[in-house]
Every structure is written in structure tokens, then in C-alpha cells.
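Below, chain A partners chain B and then partners chain C, in two separate complexes.
Here is the complex of A and B:
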């Protein structure tokens, strides 16, 4: 695996786990603010593991490996476009869920907006790294 | 100018006129009748719908090659610019409303589709504008008109 592939795997699992933790934290805090300590206990080891994985992903296979070649750039470009298209869909879905939950004439607390923003951002990052992993996998199959 | 440049000009012009007209109308109505009725001025945003006629108004370019690698590269860069701008606007609006209203404030749920619509309009506008700028830069660097 080259550096970009390792970064894609770390990024995929990191952003997916972050999304799950974020959703869990949101639901727990809705139940009771007393869960803050539990969340800190979960968050600290997760951040430590993520940091270690990022350090691992930054290591090159050999000194001769380039930072980014043309194939990596092309894969990254395609993955960005797919993730942005998914972002539009995610924003639409999140808005629809909120409107269906409250009803058309309802009101929502303003704290829902940053929750939507961050949640959609994390899921978009997951989609980006997943797209990169799929494209690298397709390239490997095509090469034999 | 090729077909995509003509379509981009139409989108930029119609959306520019739509946003300016809506902003002027809302401002004038605000001073005359106040909010929330002043929001009726945002109906001028419907002018941007004329940009949707672009594929019908501008037919395919003559010649065997409609869309070459350079066009693909320019369109790809423009798409990324459009999506980036729309996400930045979406994030700014979400965080801005949260900061202005405060943690304990509430907003009408109908604000959410307005934010989504504004992000969509921004995406299309920035995409079209980026196409025009990138083709213009390409022309300047080549020194000749395509």
C-alpha cells in the first residue's frame, strides 16, 4: 500500500468511528449531561489510536516513493467529486428528517444546525475515503 | 466561445440579476412594510430559473469532438469549486445562525430548506463562473482564441 492508500484506510475508519461516536454522544447528552465523563473516557483512547494510525500512514514504503503520482491525483479528484455529490444528498436527507420530525410549521433549537453541519461533514469525509479505497481496489483488479 | 461557455454566461447573468433584484426588493419592502412580509421580495430569485433554458437555447457545437480532455479538466475543476463554495456557505450559515441566536435560541424549521436552496444556487453560480474564468485563463496562457 502506498501512503495515500494507507491514509485512505485510516481516514475511512477514523471518520466512520467519529461519525458513530458523534451520533452516540449526541443521543447520550440528550438523555443526560452526566454522560460527559463517559464520553471523555471513550474519546481519549480513540484519539490516541487515531493519532498512532495517522503516524503509520505517513510513512513511505521506500525513500523512492513519490508523495503523489498522477494516478493518486486522478483518484483523489474523482473521490472529491463523489463525496461532494453525496454531501448534497446528505444535506437534503438531514433537512427532510428534521422537517418530518417537527412538522412544517414547527421550530427547532439553533443547536441543531451545528449538529447537522458537523454530522454531514463527517459522513462526507467517510464517503471520500471510501471512494478512494474503492478506486484503488478497482485499479488493482484491472492491473491483475 | 464553445457551448459550455455560452451556457455558463447565461447562468451567471440570470443568477446575478436574480440575486441583485431579490436583494433590492427585500430592502425596499423592508423599509415600506417590514419583516416578515418583506421576504416576498425573494420571489425575484425565480429569475435564475431562466438559466435552466441554457441546454435548449445553445445547441451542440459543430465538429466531431464536443467535449475534449481540456474541457473535462476545466469542468472537473469548476465542479469542485462550486461544491466547495456551497459547503462553505452552508457551514457559515449554520454556524452563523447558531452564534447569532445563541445556544438556547430557536428558529423556524422552514429556514433549513432555504439554507439548502441558497447552497444549491451558490454551487451552480460558482460552477458557471469558474468555467468562464478557467477558459479565460487558458486563452490568456495560450495567446489565441479557441
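Here is the complex of A and C:
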């Protein structure tokens, strides 16, 4: 795997795990603020694993390997287009849910909107890295 | 009609002292995965990269790449 592939895998699992932790944290804090310490205990090992994975993803196959070549750029551009489409879809869905939930004249607390946006952002990042992994996977196995 | 770009990179590597994919990648400034994708026809390189690969083998672009209709 080259650096971009490794970054895509780390980013995918990092953003996916973050999304799950984020949703769990939101639900737990809704139930009781006393869960804050439990969340910290979960978050610390996660950050340590994420840091180790980032260090691993920075390792090069050879000293002459470029950080990003023309194929990597092409794959990244295509992944950005897909994740942008996903972002538009997720914003539309989240807004539709809020409107359906509260009604046309309803309102939500100001603290909820950033929470929704952060969730959409995490899911968009997950989609971006997943698209990159799929595009890299379209190449066949190494044999030389 | 579908056109397909074929290449002789694999054969040329072996003719050049069994050059590895990594060595070729380092010479033309791309990653090994890009060389693998080009060899297997999964990626069409840019003209610049195609010329760089041809220069490594001291060949013309037409000797390395061929467009089949």
C-alpha cells in the first residue's frame, strides 16, 4: 500500500469509529451527564490508536516514493466529487428530518444544529475515504 | 468501438535486468501501485508519465504503448 492508500484506510476507520462514538456520546449525554467520565475513558484509547495508525500511514515504501502521484490525485478528485454529492444528500436528509420532526413552524435548540452538522461532516469524511478505498481496490493485486 | 491501451512494460522490465516495479516507480516518480495499475491496464497514464516510462527503457512511446481498437 502507498501512503495515500494507508491514509484512506486510517481515515475510513477513524471517521467511522468517530461517527459511532459521536452518536453514542450524544445518546449517553442525553440520558445522563454523569456518563462524561466513561466517554473520556473510551476516547483516550481511541485517540492513542488513531495516532499510532497515523504514524504507520506516514511510512513510505521507498525513500523516492512521492507523497501523491497523478493516479492518487485522480482518485482523490473522484472521491471528493462523490463525497460532495453525499454531503448534499446528508444535509438534505438531516434538514428534512428536523422539519418533519418539529413541523414547519417549529424550532430546535441552537446547540442541536452544530451537533447535526458535525455528524454530517463525519459521515461525509467516512464516505470520502470509503470512495478512495473502492477506487484503489479497482486495481488488481501486486505481482512483481 | 472501445479502444484499449496495451503496453509492454512488464516485458521491458524483465529485459532490463529484471527491473522491479518499485525501481521503475522510483525512476519515473510515481508509486509502485501506479506502475501495477498501468501494467495491468487498469490505469491510463498521462502523456508525461508515458514518455518518462519510455525514456527509462530507452524506447519511443509507441514501442511501449499501443492503442488497440
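The criterion applied here is as follows: the second predicted complex is superposed on the first by the 140 of 144 C-alpha atoms of A that agree within 3 Å, B and C clash if a C-alpha of one lies under 4 Å from a C-alpha of the other, contacts with A are read in each partner's own complex, and residues count from 1 in each chain.
FYI, a residue touches a chain if its C-beta (ideal position, glycine included) is under 8 Å from a C-beta of that chain, and two chains touch if they have at least 3 such contacts.
Just so it is clear, the structure is predicted and the values come from calculations on it, not from any experiment.
Novice: Which partner does A:109 reach: the first (chain B), the second (chain C), both, or neither?
Specialist: A:109 contacts chain B only, not chain C.
Novice: Can A:77 be said to touch chain B (first), chain C (second), both, or neither?
Specialist: first
Novice: Which of the two partners, first being chain B and second being chain C, lies in contact with A:5: first, second, both, or neither?
Specialist: In the superposition, A:5 touches chain C alone.
Novice: Can you tell me whether chain B or chain C touches more residues on chain A?
Specialist: B
Novice: Now for A:32: first (chain B), second (chain C), both, or neither, which partner does it touch?
Specialist: Neither: A:32 stays clear of chain B and chain C.
Novice: State whether A:87 touches chain B only (first), chain C only (second), both chains, or neither.
Specialist: The answer is first: A:87 touches chain B but not chain C.
Novice: Of the residues on chain A, which ones does chain B touch that chain C also touches?
Specialist: Of chain A, no residue contacts chain B in one complex and chain C in the other.
Novice: Quick check: in the complex, which residue numbers of chain C touch chain A?
Specialist: These residues of chain C touch chain A: 10, 13, 20-22, 25-26, 29-34, 36-37, 39-40, 42-43, 45-46, 49.
Novice: Help me check something: in the complex, which residues belonging to chain B touch chain A?
Specialist: It is residues 76, 79-80, 83-84, 86-87, 90-91, 93-95, 97-98, 101-110, 112-113, 115-116, 119-120, 123 of chain B that touch chain A.
Novice: Spell out the residues on chain A that touch chain C in their complex, using ranges where they run on.
Specialist: Touch list, chain A to chain C: 1-5, 61-62, 64-66, 69-72, 136, 138-140, 142-144.
Novice: Can you name the residues of chain A that touch chain B in the complex?
Specialist: 77, 80-81, 84-85, 87-88, 91-92, 95, 98-99, 102-111, 113-114, 116-117, 121
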